[in-house]
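Following are the structures in question.
The two complexes that follow have chain A in common; it is paired with chain B in the first and with chain C in the second.
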Partner chain A sequence: MVDLVRMLAGTRGHRRLDWTDWLSYAYLLLGLVLMFGPVLWLVLSSFKSAAALNEFPPRLLPYGQASVTVPGHPGPLPLFRVKLPDGSTRQLAELRRIGIQATMIDPERPEEEFKVNIRDRERVRAFHLALENYTEIFGKFAFGRFLWNSVFITVVATLITLLFNAMAAFALSKYRFEGQKWVFLLIISTLMIPPTIILVPNFLVVSKLSLLNSLWGVIWPAVATPTGVFLLRQYMLTIPDELIDAARMDHASEWRIFWRIVLPLSAPALAVLAIFSVIWRWNDFLWPLVVLSRTENFTLQLALNSFQGELTTQWNYLLAMTVLTLFPVTIVFAFLQRYITAGIASAGVK
Partner chain B sequence: MLASSRLPLRALAVAIATVALNAVELPMRALQRLLGVPRIGWVFVTPNLVVLGLFTFLPIVIDFYYAFTGGVQLDLRARPFTGWENLQTLFECGSYLDPSTCRKDLFWRAVHNTAWFALLQVGLMVVLSLVTALVLNRKILGRGFFRGVFFYPVLLSPVVVALIWKWILQREGLLNAMLHSAGIAGPVWLNEPGWAFSWSVFVSIWAHMGFYTLILLAGLQAIPADLYEAAEMDSASPWRRFYRITLPLLMPNLLVVLVLAVIRAVQMFDEIFVLTGGGPGSATLFIVQFIYQTAFAESIRLYGLAAAASLVLATTLLALTVVQLRISRQGLSGKAGRDDG
Partner chain C sequence: MASLELKRVVKRYATTTVIHGVDLTVRDGEFVVFVGPSGCGKSTLLRMISGLESVTEGDLWLDGRRVNDVSAAQRGLAMVFQSYALYPHMTVYQNMAFGLENIRTPRSQIDTKVNDAARLLRLEALLGRRPTQLSGGQRQRVAIGRAIVREPTIFLFDEPLSNLDAELRVQMRTEITALHQRLKTTMIYVTHDQVEAMTMADKIVVLNAGRVEQIGAPLDLYNAPRNKFVAGFIGSPRMNFLSVRVTGVGPDGVGVMTDANSPRAAATIPVRGESGLVGQAAVLGIRPEHIHLRRAEPDELALTVMIELLEQLGSTSFLYCVLPSGEKLTVQLAGQIDKEAGEQIEVCFATIDAHLFAKTESEPAFERLKTPAVHVAA
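So, the complex of A and B:
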């Protein structure tokens, strides 16, 4: 038994499981609740119907009105627990309701009708996933449009980022030309110029290029990432020059060398940059907020922001949209966490 | 089975790559003949430089132009030169400690809020990140899993982060439900200035501490284990080991984390904007939101004033970056004040 505890705690054989271990686990457990709890609550809530969301205090799991289908009646009928005049309690289905009087039937014996005062009954709850939250956002709010805009920006910007940054990194790692040092310094120096301080003039540049209210107005300013150039250059420096010299012997052009030799060999670094680029672009907020002002051009982030600001926020739909928005990033995280953490630990990119 | 299902995708990728290679190779070959081999490097860096030139370097120049011109026109030629007026407007103040005595009281409120926010958020976050990194550095079961737990919110978009917490903090949200079951009637958290500010600090720590934890954890793992073994042989107390080995050796990482966190806290915008909209009143209004509102959200768009405020922010960031470069001897290590590329 003690061995089992010791194994679970992962302590070394000669060390007892002392109070600091217990404290560590308590801390991590608290962290687990605090970090994952809110997200889990969001996901659970997103499956609740609007009526269930209005309940206070809320239930943990999504519950909805239980209903039953009775032959001879169209559609499912809502179920209630009814206290009958003779003192007994039965589950009845509601046929119709006029004022405070409801006409109800027993699902088992549909021929007999009961007149029930609505004060003598309460709803029967059943576990119910309100999947309509998810299906209706596509029709009601043009969610598909926002999704497409976000996917388009993310994919196209990432592809261009990979190409442009790899080209620059190739030149900066495999050639020695005049002014090369300055180019490298120039690119890296933009690390110190966050987009927040050039918001206003960048708006002018983008409007002069007729890119306002265009997805390209979000894409182009984002594709020359200094982090990407730095990351790829460091990696390409490790590719032996002999490979390139051998290709030159075979009269391969420089572009062919880049495309056929250096790019494939840089795949691991390209993958890391691709992951980061996807997350950056998917999550972008401030710059799209400035550039895209027409609703049909909104990305998911902008759509979420504008819906939550409305006077009567329809939380059931908003929650479903939020879950769908965090879904891709969660998938990336679940499968590629190792690459992300390695990227951060080595280059400090985020 | 698996290989065959992946084959069409692979074939497609190869086809695209071949087309791209051939389409670009001809002009590139011509350029190569023209420039020679080392100088062809310029061609490879050109796309990047053009993009950076257009969307980073040119805007810096225009930023100054805007800051020293007035009016409400976006077009540069339509803006009259006003010299220091924009900056003077920002800095005209009875006392910098009391925003209500300033001409642009909103700007100074934003400055005050940002300063307090940076102080509280960074202070608490660095301590929490350090504690978390120390715990994660122990020999415990499920270390990778717990590291992921703390890191996960870092990847969430600011809008999603804000909505997650807005949903919990609303009038009939989870937090008030939990307080209700304990017999306490919770306030509408985000409608009260003090609470809104505190929750802004908390939510931003929640969203970002995983990143700093990771950097500190990498630093901890780089400390040679034999130092601790030697200390153990000298039967040094854990407290002493922490003070004499861990802390001094982690100091470079800790300072980098500190400066980096300050640089980002000063630019805080997204999640707080969605969470509180800067309110109630101006309780959670920060500098970047002031810039955004002045230039894009008001009916009279004062680009000049916004650009002047940007320059103030830029100067602050530059000073912080210089501090960072002084501290981290590695110099340009890629750790940067921007988190989007």
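So, the complex of A and C:
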């Protein structure tokens, strides 16, 4: 905590704030607001009820209608601030409303009824989290199913990606063979191909393999990423060759060298690749859109998209689903990021 | 039974030849040291023996079996690397057990062997630690322990002490020698430090630019170097080389003359020479420790030199002198000396201690007619 305060209150070196400090802080604050503002707005809005969402001008915090329980009436009655004909303002509970006429009662003296024009009353707000947004989506929209699809694709694809890329990187970094440089250049050069160009050929291949409309059809086509191979290869180059020699002298087969020596030592780079893969797979939209056609196979991103047309009036559920979609990636990132920094620190001391 | 034979072994990378035809025999139980300047190919030779490098031409025989095409692990050898090559993500115990796990040794056997090796090298307390938590000397012992556990027929050491500080190096040197006496396994040791070579070896192989210059026991290399390179490499401080001219060749030896401004500038070195040598330039070699300041004896050569630099260590003194011709001369004397830099002194040495070489390094030294008296420590 002390470190956080020290970091946030850091200045250029002198106790007083330099103009460069003002500039730095302004810049950082701007960045913070631009990046974090929309997310904050999203999260706050997801706790608002549908009515609160429709309000204009919008309010920052989720507010709901305050209500009060009045003895003698079932259920809580909404509370209003009313301007009475005699000029005073009182807080009254509304019994019923017909047209522009509202029947209001004083919560303390429930026998007395007032007839108030709706123009003369305004709602009393209270902070109210609409948690039903989160609990109802599982029942209404098969949200659990979409979540499962997304998680399955992300986890399985990341594991396979890590394995294949690590094997390719190991071969390219620790073995010397004819044409090695050309193979590496070929792999890297595929980075220059825009994915939209190979969209149709990929689709045809996947369809011929009868993988259309299945989660495996989404997973398989992109497990061998040139970025991953490059990243892991560059990291594996820093593993001393003598370790491999020592393992060879220790009767280790090539696979065992890979699995027990090289892979554990590449953990920081694997963590980076895992983050990339998780973020990309989780947010992937175009390829799942092309491959998956039945709703029950949709990923979260497709589901959010497809419900937009149908849900023009149910923004509260959409926002709740969006927040839930953001969560897993954030957690994974936070978890793996700690692992990366620890890995780099310990590998630095030989 | 772990004998090793190299027959005309050549190593070539594309167009460059790194090892030019090496012949070598190593008997069971010997401690052989490969020594030579950096880049002479000693590590390459070691790696070829271990199987980590392929042999381009020639044969490698291990216990009577030709092993050119046998993989490194199958040769039954163990190697200790210069940078220890310990697996940083495994504990000391796991490092030592890795090799045995790979050949599917039962866990109880692995346990016994690792603990035995740990006891031998005083590593019991460190078995649970990672290599990053160990000091240099401890890591070195773990690397040796990893080799011992595999019970190899030959131990291969690739400059294992060069990453240690001087004091630790001396300590580890004695430990490795003690290990050799205890285990009696053949050991092949590569180093660029000739002191390590002289102190540890049963047999030294001096290499230069991929060729073997001389193979022999340490004292044989010291007393009878076969050429100028070996003479200059073995012995610290380095042997002095003086330019001389051959004045005559006779049954007693070859007469040479150093630069003329010395009282006893000419003498006969007891080596065999051809008559055609008269008038030619040659190189006289004399070790710093064989030069003295006493009055010259009849069969000794005397030179007048000026002291440039004086180093007194208490038990020994080093005089860095220069001859009138500009050539340098290093003198090593026992004890302390009362001279100063800038003084002129007369130094002498016995002709029997001198070596005569042709001007090029690789040409063999002139053959001795009389064996020099061995300087026995009193």
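The rule is short, and it goes like this: the second predicted complex is superposed on the first by the 238 of 350 C-alpha atoms of A that agree within 3 Å, B and C clash if a C-alpha of one lies under 4 Å from a C-alpha of the other, contacts with A are read in each partner's own complex, and residues count from 1 in each chain.
One rule holds in what follows: a residue touches a chain if its C-beta (ideal position, glycine included) is under 8 Å from a C-beta of that chain, and two chains touch if they have at least 3 such contacts.
Predicted model only: the values in this text are computed from it and were never measured.
**Student:** Touch check for A:146: first (chain B), second (chain C), both, or neither?
**Tutor:** A:146 sits against neither chain B nor chain C.
**Student:** For A:285, decide between first (touching chain B), second (touching chain C), both and neither.
**Tutor:** Only chain B; A:285 stays clear of chain C.
**Student:** Contact-wise, after the overlay, does A:63 reach chain B, chain C, both or neither (first, second, both, neither)?
**Tutor:** A:63 sits against neither chain B nor chain C.
**Student:** In the overlay, answer first, second, both or neither for which of chain B and chain C A:134 touches.
**Tutor:** neither
**Student:** Applying the touch criterion given at the start, work out whether A:80 contacts chain B, chain C, both or neither, answering first, second, both or neither.
**Tutor:** After superposing on A, A:80 lies clear of both chain B and chain C.
**Student:** Given the touch rule stated above, what does A:256 touch, chain B (first), chain C (second), both, or neither?
**Tutor:** both
**Student:** By residue count, which of the two partners contacts chain A more extensively, chain B or chain C?
**Tutor:** Counting residues of chain A touched by each partner, the higher count goes to B.
**Student:** Under the stated touch criterion, which partner chain does A:317 make contact with: chain B (first), chain C (second), both, or neither?
**Tutor:** Neither partner.
**Student:** Of the two partner chains, chain B (first) and chain C (second), which one does A:298 touch, if any: first, second, both, or neither?
**Tutor:** neither
**Student:** Does chain B (first) or chain C (second) touch A:199, or do both, or does neither?
**Tutor:** After superposing on A, A:199 lies in contact with chain B but is clear of chain C.
**Student:** Which chain A residues contact chain B in one complex and chain C in the other?
**Tutor:** On chain A, the overlap between the chain B and chain C contacts is residues 248, 253, 256, 260, 347, 349-350.
**Student:** Which chain C residues qualify as touching chain A in the complex?
**Tutor:** Touching chain A: residues 50-52, 71-73, 77-79, 81-83, 85-89, 98-99, 102-103, 132, 146, 150 of chain C.
**Student:** Under the definition above, what is the set of chain A residues touching chain B in their complex?
**Tutor:** Within the complex, chain A contacts chain B at residues 8-12, 20-21, 24-25, 27-28, 31-32, 34-36, 38-39, 41-42, 45, 54, 56-58, 161, 163-165, 167-168, 170-172, 175-180, 183, 186-188, 190-207, 209, 220-231, 248, 253-256, 258-260, 277, 279-280, 282-286, 289-290, 301, 304-305, 308-309, 315, 318-319, 322, 325-326, 329-330, 332-333, 337, 340-341, 344-345, 347-350.
**Student:** Which residues of chain B touch chain A in their complex?
**Tutor:** Listed in rising order, the residues of chain B that touch chain A are 17, 20-21, 24-25, 28-29, 32, 37-45, 47-49, 51-52, 54-63, 65-66, 74, 76, 131-132, 135-136, 138-141, 146-160, 162-168, 172, 174, 177, 180-181, 206, 210-211, 214-215, 217-218, 238, 256, 260, 267, 269-270, 274, 277, 288, 291-292, 295-296, 303, 306-307, 310-311, 313-314, 317-318, 321, 332-341.
**Student:** Using the touch rule from the top, collect the residues of chain A that touch chain C in their complex.
**Tutor:** 240, 242-243, 245-253, 256, 260-261, 264-265, 346-347, 349-350
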